[in-house]
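First chain A sits with chain B, and in the next complex the same chain sits with chain C.
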Partner chain A sequence: MGALSIRNVKKSYGDTHILKGIDLEIDKGQFLILVGPSGCGKSTLLNMIAGLDDISSGEIAIADRVVNKLSPKDRDIAMVFQSYALYPNMSVKKNIAFGLEIRKVPKAEQEEIIARVAKTLQIEHLLDRKPSQLSGGQRQRVAMGRALARNPTLFLFDEPLSNLDAKLRVEMRTEIKLLHQRLGTTIVYVTHDQIEAMTLGDRIAVMKDGEVKQFGSPQEIYDTPANLYVAGFIGSPAMNFIPVQLGEEGGHAVVVLDNGSTPQSVRLGPISEAQRAFVGKQVILGVRPEQLTDPESAHSDRTNLQSLQATVAITEPTGPDTLVTVTLNGVKTVARCHPRAAGHPGQAVTLVLDPTKALLFDPASEKRLA
Partner chain B sequence: MTAASQGAPGFSLSRFADTILPKLVIAPTVLACLIGFYAFIGWTAWLSFTESRLLPRYEWAGFVQYIELFGNDRWWTAMQNLAVFGGLFIFFGLLIGLVMAVLLDQKIRGEGAIRTIYLYPMALSFIVTGTAWKWILNPGLGVEKLLHDWGFTGVVFDWIINPDFAIYTVVIAGIWQSSGFVMALFLAGLRGVDDSIIKAAQMDGASLPTIYTRIIIPSLRPVFLSAFMILAHIAVKSFDLVMALTGGGPGFATDLPSIFMYQHGFTRGQLGLGAASAMMMLFTVAAVVMPFLYSELRRERRG
Partner chain C sequence: MAELAYHQTTGAKVARYVIYAVLIAMVLFYLAPLFVMLSTSFKSLDEIRTGNLLSLPSSISFDAWRAAWSSACTGIECGGMAPYFSNSLKMMIPAVLISTLVGAFNGYILSMWRFKGSDTFFLLLLIGTFLPFQVIILPMAQVLGMLEIEDSTTRLILVHVIYGLQFTTLFFRNYYVTVPGELVSAARIDGAGFFRIFFKILLPISIPTIMVCLIWQTTQIWNDFLFGVIFSSGDGQPITVALNNLVNTSTGVKQYNVDMAAAIIAALPTLIVYAIGGKYFVRGLTAGAVKG
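Moving on to the complex of A and B:
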């Protein structure tokens, strides 16, 4: 019972399997993000939802109606394309009206809809212009306006912001989010940008090689990634992966981190059953840069923060924070420190690690040890 | 750098290269244009106002040649032929070229081969086209004979020797030669249309014919203009095709202004009349080209 259900959907061309069984389900009004690197099948999946690509097997249902055999126009959807795909020979007004005209909406009603959409997107002053006379951001708005005019049950966005410059992209991102909040529409949004995914989505599906690696809310995906791939893909700068040997001490997981001169034992959270099976074996410790910081910046309310000594290899100031690279167990590890506490290359610094947020992964299956 | 420029105050190589060299390089072309085009246009214009016959004479004679030209039946036949030939040639050339391009744009197999085949006639000279079609259309040699041999003895296809229909054979041969090229132009234009525009229109609920007529073909406006200009100037300057196909005959039934001009100017010793007809051709071309050029330039400046 959802706005969009994707059940075991596969897509293959001969022996090439683009999508290997996708299962996703969202409710009405949710904002679903399909995120992944190029070639992961996210755009193919979107095209299949849109009806622009056939489904090899499985089922797609929009508002509880299976649409596998329906043509795009009968699916009650609208799509915003990466290239905007505005009709170049028509004015903005005609662009918005075209779909209504094809669907034989009465003229007066068309005018009403165009006025409403133009007001929503603040493009009233652009209605008589041709697409070639608009800037990238304006074209983006018109493309959204064209989708809004139809008032469909499902909106599809195919990397709509990737042709805009960085500043405008952030602005439009906020606007899309506002629009979603205001109109309460159901949206499927494809992007390769993990920041867009995190900021916009209610539900995120992280895809790779035609599979959904994890499906959940942004915070779930950020805090408890299901596997190494998701952990590394989401978050910038990326999560540190440090090979460690897992130990147990008084019901807690313990790992040893070597800064090159002294091995230091670090006590993590209470050990789980899954983790206990790996005691004495090599595992991968995943630590986000902001969970490894200088003592001053660490949350003082956190108890049992673990201190570490390390030598600064390089510092990269970003303004509010400075990214400090140190070497732990032979791998480069990034810590996010206050600029004052960042030190300089060659200097020894004390870092603290939040043990409750640290994650452990099985190096063979790459799955998180929950 | 400062030392060098101070050392040579009078002559600087970089200044020479920047300002004088480009002018020097372009000068021969400009000169050739000035003499080859404009000087001879001027000369022809002057001759058209004289009583020149076999050799040029330069005494001003006013509009006598134009008066004679406009009283000449053969000239009006030629102009009428130009209107028929030009109109049909441009219209069907565009139509057939566009239809072939749209059909070829449907992601069909063997497109490259088909495209080459359709484009190939353009590689032939009009003389070859004319001669080949002269044989094909010859009633005793080509299509009519073939159909008679197959047993369709009642078939009559003798346009090429029928004064009322001979001009249409020129149209057929001209279209055969040019439509492939027009197709290539349109195909390039169609390929330039963003795929997602078609997808967007599909989602808007438009059928494929609607997508073509409402969105894709209207957005090919610049291609239409280029194709029109190319076909129009081929039509006006058409000479070799007619010479090879019908030689202007039967009688002077397929005369075009260019043939009229050539025959009067160079073979009948009526240089003045030929020059007057050449000027009229120039004005015909200008009448077609100028408005387009003007509107296009204005669009460009506004855009």
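Moving on to the complex of A and C:
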């Protein structure tokens, strides 16, 4: 049963096409993340799910009911906004009760709901305050409380954490995740923070320029990004993209990596049909920094690790690891090494690459060669 | 170093005294007419004729005030300013309230419920704020004629509401564009409709702007003479017109003390409004976005 189905939804303002045919589908209880750079249409899509804005064409269904023509109040949704949008003239309690009053929930039941929500979010002591007397984190909680009070089929969050400081953001992130696990509600959550996307989502839709570039589970998106854009957007530090010429040897893909003085041949995984068509041509090798590391840190159970020599250009300690930048085929490439094995600028290091995790992309279409 | 600091402080002190002196001179200059009006209104006619304009009254007499309020002649009527004062009140209060409320409503629509052409509409309204009174007199007279409204007070209420709307709309619209639209979105999702959002959420946070409109409209409408003299007649005239008639009525000796008292009576409401609401006026004009 689909909790939310978005079918070929388009939105244009005059001649500007903001959404260019979005298709998404999630099940009850799933946590859907819409992630993408600023201006890609995330809020627009969310507003259309909420019914705050009309869609130009396509269909949106919530709990298997097409809602295209329903007003926001009839869609059985609740929304948390980036600016929290608390009613400044009302106390916290009134803010939470506002929607209940309009829906003519009996007074006694209202009190019960407010008490329950306040307890869940630990805002009992704030109920009589005005929003202006609250801190950012408290406002955030109240905004969530207002949404929870209504117990809707679908929760919509539009960058709810982006106005909080870094520490609070991490705390609230965990709390939202706990809340989701406890209540089992279906959530659509907009963010432009890829870490938030990875940690919170069951399903992630990576958007760009009004299109969904990939829709899948966090692990799918991380391990098998559909294209260069998704590969570069998710993951921090970002995936390395190294231009290489593709070869084939004994059923395996082979590429040559040049550290500036010696070209070294590297054997990747078994070559696929799609990859075979590119033999002898230029492709882009995608390697995440943690898949390029010092021999000691590499998984010892991997037998076919490929080692290569390189010269350290810069080291950036992060604490647990040190990011080592080397040059391969003329581009800066980041490896994640153990601090002890990181070396110094100018020093030669041995790195090992996990060939099963390395990805190949077509430079023209930017699609991954599966 | 120390010497330098010493010189600076004496310099600063001198500058400060100069500033005070200039300010006091200005205050005296501006207050002088009020002083003359007040002191003259408490003098007897004899004292006015023989005495000095700037001298204090030898004895306080309220006769002139009494006469101005209830028995001075404004043309052929001799009932003082009282009936006209009440005319002005009866005209001003509804006109101020209606123009403020409708202005708030216009501002709400023009900022939160934009429609095709709403920006053009707002631009046209803005042009209205630059139109001088004189330009609209003729068309206004025609419209009033067509509507066949006879009652002076009703006519003036209509005229002032229409002329004031562009200002009140401008004030409210400019305030509401600073209010995050998400507030309205949140209320819509909560199930609130067009009017509930306006009355329950936007109007309550508009107190500073409401104050600005009330003060602005009160002074505009109370002090208006031109519309009053043109669109009202006889015993329906506002106080500004009555004051003019009173001062210009020439039977016998000019009663300066009565004139002065009447002028002060006519100016009193706006003075009081400013004294009470002045700080709201400034606050409202500088009010920014609502936080949280």
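The working rule: the second predicted complex is superposed on the first by the 369 of 370 C-alpha atoms of A that agree within 3 Å, B and C clash if a C-alpha of one lies under 4 Å from a C-alpha of the other, contacts with A are read in each partner's own complex, and residues count from 1 in each chain.
Here is the rule we use: contacts are C-beta pairs under 8 Å (C-beta built on N, C-alpha and C of every residue); 3 or more make two chains touch, one makes a residue touch a chain.
Note that the coordinates shown come from a computational prediction; the quantities given were computed from them, not determined experimentally.
With both complexes brought onto chain A, simultaneous placement of chain B and chain C is prevented by a clash. Applying the stated contact rule after C-alpha superposition, one finds that A:Q122 touches neither chain B nor chain C. Within the superposed three-chain model, A:L52 lies in touch with chain B and with chain C [touch as defined at top].
Contact with chain C, but none with chain B, is seen for A:R139 once the two complexes are overlaid on the shared chain.
Look at A:I77: by the touch rule set out above, it reaches both chain B and chain C. In the superposition on chain A, contact is made by A:P88 with both chain B and chain C.
After overlaying the two complexes on the shared chain, residue contacts for A:G99 are found with chain B and with chain C alike.
By the document's definition of touching, of the two partners only chain C reaches A:P131; chain B does not.
Overlap of the chain B and chain C interfaces on chain A: residues 50, 52, 71-73, 77-79, 81-83, 85-89, 98-99, 102-103, 132, 146, 150. Across the interface of their complex, chain A is touched by residues 180, 182-183, 185-192, 196, 200-201, 204-205, 290-292 of chain C. Partner chain B is touched in their complex by these residues of chain A: 50-52, 71-73, 77-79, 81-83, 85-90, 98-99, 102-103, 132-133, 146, 150, 158. Here chain B touches chain A in the complex through residues 194, 196-197, 199-206, 210, 214-215, 218-219, 221, 303, going by the rule given at the top. Looking at the complex, you find that chain A touches chain C at residues 47, 50, 52, 71-73, 77-79, 81-89, 98-99, 102-103, 130-132, 134, 139, 146, 150.
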